[in-house]
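First up is the structure itself, then whatever we jot down about it.
We just call them A, B, C and D in the order they show up, numbering each chain from 1.
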Amino acid sequence: MPSRIALVLLSLTPWLAAVPAHAQSQSPLAGMPPEVIEDIVIGSRVLADFGVVDGFGHVSARDPANPSHFLMSRSLAPALVTADDIMEFDQDGNPVDARGRSIFLERFIHAEIYKTRPDVMAVVHTHSPGVIPFSVSKTPLRAIFHNGAFLAGGVPIWDIGKNFGATDMLVRNNEIGKSLAQALGDKPVVLMRGHGDATVGPTVKMAVFRAYYTDVNARLESQAIALGTEVTYLTPEEGAKADAVNFTVIDRIWNLWKQQVQPSLAK
Amino acid sequence: MPSRIALVLLSLTPWLAAVPAHAQSQSPLAGMPPEVIEDIVIGSRVLADFGVVDGFGHVSARDPANPSHFLMSRSLAPALVTADDIMEFDQDGNPVDARGRSIFLERFIHAEIYKTRPDVMAVVHTHSPGVIPFSVSKTPLRAIFHNGAFLAGGVPIWDIGKNFGATDMLVRNNEIGKSLAQALGDKPVVLMRGHGDATVGPTVKMAVFRAYYTDVNARLESQAIALGTEVTYLTPEEGAKADAVNFTVIDRIWNLWKQQVQPSLAK
Amino acid sequence: MPSRIALVLLSLTPWLAAVPAHAQSQSPLAGMPPEVIEDIVIGSRVLADFGVVDGFGHVSARDPANPSHFLMSRSLAPALVTADDIMEFDQDGNPVDARGRSIFLERFIHAEIYKTRPDVMAVVHTHSPGVIPFSVSKTPLRAIFHNGAFLAGGVPIWDIGKNFGATDMLVRNNEIGKSLAQALGDKPVVLMRGHGDATVGPTVKMAVFRAYYTDVNARLESQAIALGTEVTYLTPEEGAKADAVNFTVIDRIWNLWKQQVQPSLAK
Amino acid sequence: MPSRIALVLLSLTPWLAAVPAHAQSQSPLAGMPPEVIEDIVIGSRVLADFGVVDGFGHVSARDPANPSHFLMSRSLAPALVTADDIMEFDQDGNPVDARGRSIFLERFIHAEIYKTRPDVMAVVHTHSPGVIPFSVSKTPLRAIFHNGAFLAGGVPIWDIGKNFGATDMLVRNNEIGKSLAQALGDKPVVLMRGHGDATVGPTVKMAVFRAYYTDVNARLESQAIALGTEVTYLTPEEGAKADAVNFTVIDRIWNLWKQQVQPSLAK
C-alpha cells in the first residue's frame, strides 16, 4: 500500500503565472493556449504520481488555434514535464520548430489519431500496469464500475504483429500509427498488445481521467475475476448513461489532482 | 492506490481552534456542533489518505441539534474538505442554505438512510477498491478478522438495475435512495453493484472505521480465497462479540488518523 | 511493499539523548534499559511504516533487570509510541505502576509467552495483512526465501474457538494467553485465526525482523501459489542454516529502519 | 507500483561536486571514476525507493581503469549508500583496502560474473518481491511487454541446492559464485531459487534498468496469468528488437530517477 510524503515548502511560487508570461514573450510558447498547456503538465504529473506512467508515456492536446497540429512535451519523463517543454507538431508528427530538442519516438500515436478522429482533442499514451495484463490476454477489459463506464462499449486490442510482423513494438512511423488509429475506431480506449494503451477525449482532462480509470478499472476487474465466481459488468446502456455523468464531475477530481501536483511544480 | 503522508513544516496553525471561532461568528457554521464537523473533516481526509475514496465519496453526520437534518460537505473531493465546506441538508436532502455552492448528486444516499434508520448518526459513501469486486461478484463479503467483525451478520448487495432498469448507476433522487436504504435494512454496510458501498454507524468515527475496515477485510478475503483452500470466517456470534470491542478501541486508531491528517489541514 | 522517503527537517533534536535523561530522573522510565526502550519505539514505528501494524498491534521486551517482568507501551497506536509511553508489567501482565494510563487488553499474549519461553526476550503482536489470509486458510505458511527462513520449521495456527468457543477473538486473560503460548511451542511465530500473529525473538530487533518478514514471506507465497504450478519451499535444513545468517545481518536492515523512523520521532 | 514526490529542501548541497573532490584527494575514492560511482549510488537508492531492494541487495560496477577489479559499497542497506562507501575489490572478491570496513558476504556473485562475462560492466543483486515467486515456481518468467524485452531470450533459474546440497542459500564463496555465473550464461538475468536474482548490463544504468523491469515484468506476468486465459508473450525476435530500444531511452528514465533520489542524497 504505497503512500507518499507530500510536502509544502514555505510559499509556493505561483507557477501558473509563468504561462501567460511565456505566451506574451517571444518564447517558444508564444501563441500556445496556456490552459491547454497547464492541463498537459498537470495530467502528465498526476499520471506519474499514480504510477499510471513511469519514466515513459505522454499526454498531448490538439492545438485549438490550428486544429491540424498538436502540442506535446519534448522527450522527457512525464513527472518532469513543465510548460516550457511543450512543443508544436504538425499533422504528420513533425516538430514545427525542434530547436535541437529530442522528441518522442512514438509521436505517431498522437498524429494519426488526431488525423482520423476530428472529435478527439487530447491523447494519452501509457504503459499502465493495470492494463498491460489485459493487452496480452484473451480476457476482455470491461466496465466494472461507473467511473470506468466509458469502457462499456468495448475495448479493442491492437496487435502490432498482425500487420507488421516482428517489430520493436513501437509506433515509430505514420503507417503504424494509422493502423493503431484504425483499431481505436470510434472508441475512447485502445489496448496495445505487450505495450500499453492509448486513451482519447474531447479535452485533456477527460483523456487523463480515462487513462487513470482504465488502469483502476482493469485492476478491479482482475480482483473480481480472482474471486472465482460470475462477474456482472455494466451493460452498454448503463455505460453510456454513467459516462455522461463523468463529464459533469471531472472538475471535482481534476481540482484535487491539480493541488496534488502543485508542490512538485513549485520545486 | 496511493495515499499520502503530509508533513508539517515549521509551526502549524492550530486549525481546530478555528472551528469554535466559526461557531461563534455569523458564519454558515453558526450553530453547528464543532466536534461533529471536525470528525467529518478528519474522516473525509483519512479515507482519502488510505485510498478508500479518491476524488469521489462523502462523509455525513446527522445534525445532533436537529435530528431530521444532516451535515455534509459541498461537492468537493474528500481530501480537500474543511470545516467551512460543511453544509446543512433537510430530511429530503435539500440544502437549507446553498448560497450558490454546488452539492453532491448522491446526497439522497444519506437523506434516505437517516430517514429509515433513527439509530444511524453518520453515513459514509465510497467507491472502495477492495469492495467493488465484491459488489459485482457472487462471492459474498464475509468477516475474515475481528476488525471486520461488523460484517459477520451478512452484507447485502443492492443492484440499482433491479428496480430502476438501465440507469447512470447513481443515487440521484429520493426514490432510489429509499430503495438503497431498504436494502441496507438493519445492517452496518450495504454494497452497491458496480459502484461502491455505504457504511453507517452511531458516530462519525464508527462509520469511518467501518468504511476503512470493510475495504481492508475485502482485500484480505480476496487474498485468502486466492490461496485456493477452504477459508474459515468469523461466525455471527464471534462477529457480534468482536464488534463490541471495536467500539472500545476506536479512539486508539482515531487519534492516529487525526494526527495523520492534521498536516494536510494546516496547509 | 512500501518504502518511504524520510526527510530530516532542519536539525533533528537528538531524541535518543532524552532516554538516558529520563533514566537518570525520577521519571517512570527510571531504571529501564534505554537501548531496549529505543528498540521498542523504533520497532513499533517501523512496523507501522510498513503497514505490518495499523492502529493496533504491540511490541514488548522482557525486562533485562527483572526477567519475570516485561516492558510495553501504554495503549497507543504503534506509530505514536515514544519512550515515555513504555510501562512495566509483571509476570501476569499487571502494570507495576499504571498511574492512570490505559493499557492493552491483549497484554496476556506477552505475559504468557514470557512465562513459557525463557529464551524469548521480545514479543510482537500484529494484524499483518499478509498473514491474516493464512490464519484462516488450510494452506500452510512456509518459508519461500532465505529472509523468511525462520518459518521453515513449521508455523502453528492457534484457533481461539477450539478451547474457548465463540469469543470476541481477543487474548483478554491469562488462560487464553497460556493457550496461545502453548500453541506457539518452541517456534518463532504463531498465527492467530481471524486475528493476526505473534512473533518472538532473543532480541527486540529479531522479533521485529520476524514480524516484518513473516508478512513479506506470506505475500510472496501467495503470489507464488497464484502462478498455478508447483512451488519449492526451503527445506527445514536450509531454513535452519539460512536463519542463522539473519542474525548476522540484522543490524544492516535495523540501521536503515532506525533512520527511516527518526523523522517521525523528531516531529 | 509506487512513485514518489521527491522534494528538495532549501538549497541542496551539490553532492556530486564532492566526488571529483574525493577523486583528487588522498581519500579512498582516489582514482575511482566519479560517473560510475555516482551511478552506483543512484542505482542503489532508486531500487530501494521502488522496493526492488529492501535492507539487502547490492549494485556493483567493473572498474574501468582496472577491468579485473570491481567497485561496490561496503556492507550497507542500498538506501544509505553514498560515494564514500564505495570500495574496490579484486577479481576474487577480496577488498583491495578494507580499512576495517565490513563487506558483503555475497560479493562472489559479482566477482565470478565479471570473471566469466567480459562484456558485463555492472551487476545488480536483489531480493525483488516480483521475482521471488518465479524463482520457486515451474512457471517461467517471460517478456510480457517491451520494457521487459530483455527477458524474451529466456531466464535461467539457478538452484543452489542442485550442486551444493542444503546450504544457507547464500553465494558465500567463489565456487558457489562460479556456479551462479555459469547458470547465467550469456543472459542478462538469472533467478536464484528462494533468494532473488542477479541482473547484468554493459553499464550500471542498464543493469539497474533490468533489475527494475524484471521486477515490474514479473508482477505484470503474474497478473496476466491470474486472468485465467491464454497469455501472449513477446517472441524472441520481438524481444531482441525491443530491447535495442531500451538502450536508446534509458537516459529518459535515469534522469527521472536521479532527480527522485537527490533529496535523500542531500540529507
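In this section, contacts are C-beta pairs under 8 Å (C-beta built on N, C-alpha and C of every residue); 3 or more make two chains touch, one makes a residue touch a chain.
As the structure is a computational prediction, the values presented were derived from the model and not from experiment.
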Partner chains that subunit B and subunit D have in common: A, C
When subunit A is superposed on subunit B by its C-alpha atoms, the rotation angle in degrees, nearest 5: 90
Self-contact between copies subunit C and subunit D, residue sets same or different by half: different
Subunit B and subunit C, separation of their C-alpha mean positions in angstrom: 31
Subunit C, residues touching no fewer than two other chains: 2, 4-5, 7, 9, 226
Residue ranges of subunit C in contact with subunit D within the complex: 1-3, 5, 7-9, 143-147, 149, 216, 219-220, 223-224, 226-235, 237-238, 241-242, 244-245, 249, 252-257, 259
Complex interface listing, subunit C residues touching subunit B: 4, 7, 9, 54-56, 75-77, 79-80, 105, 127, 129, 132-139, 159, 161, 166-170, 193-196, 222, 225-226, 263, 267
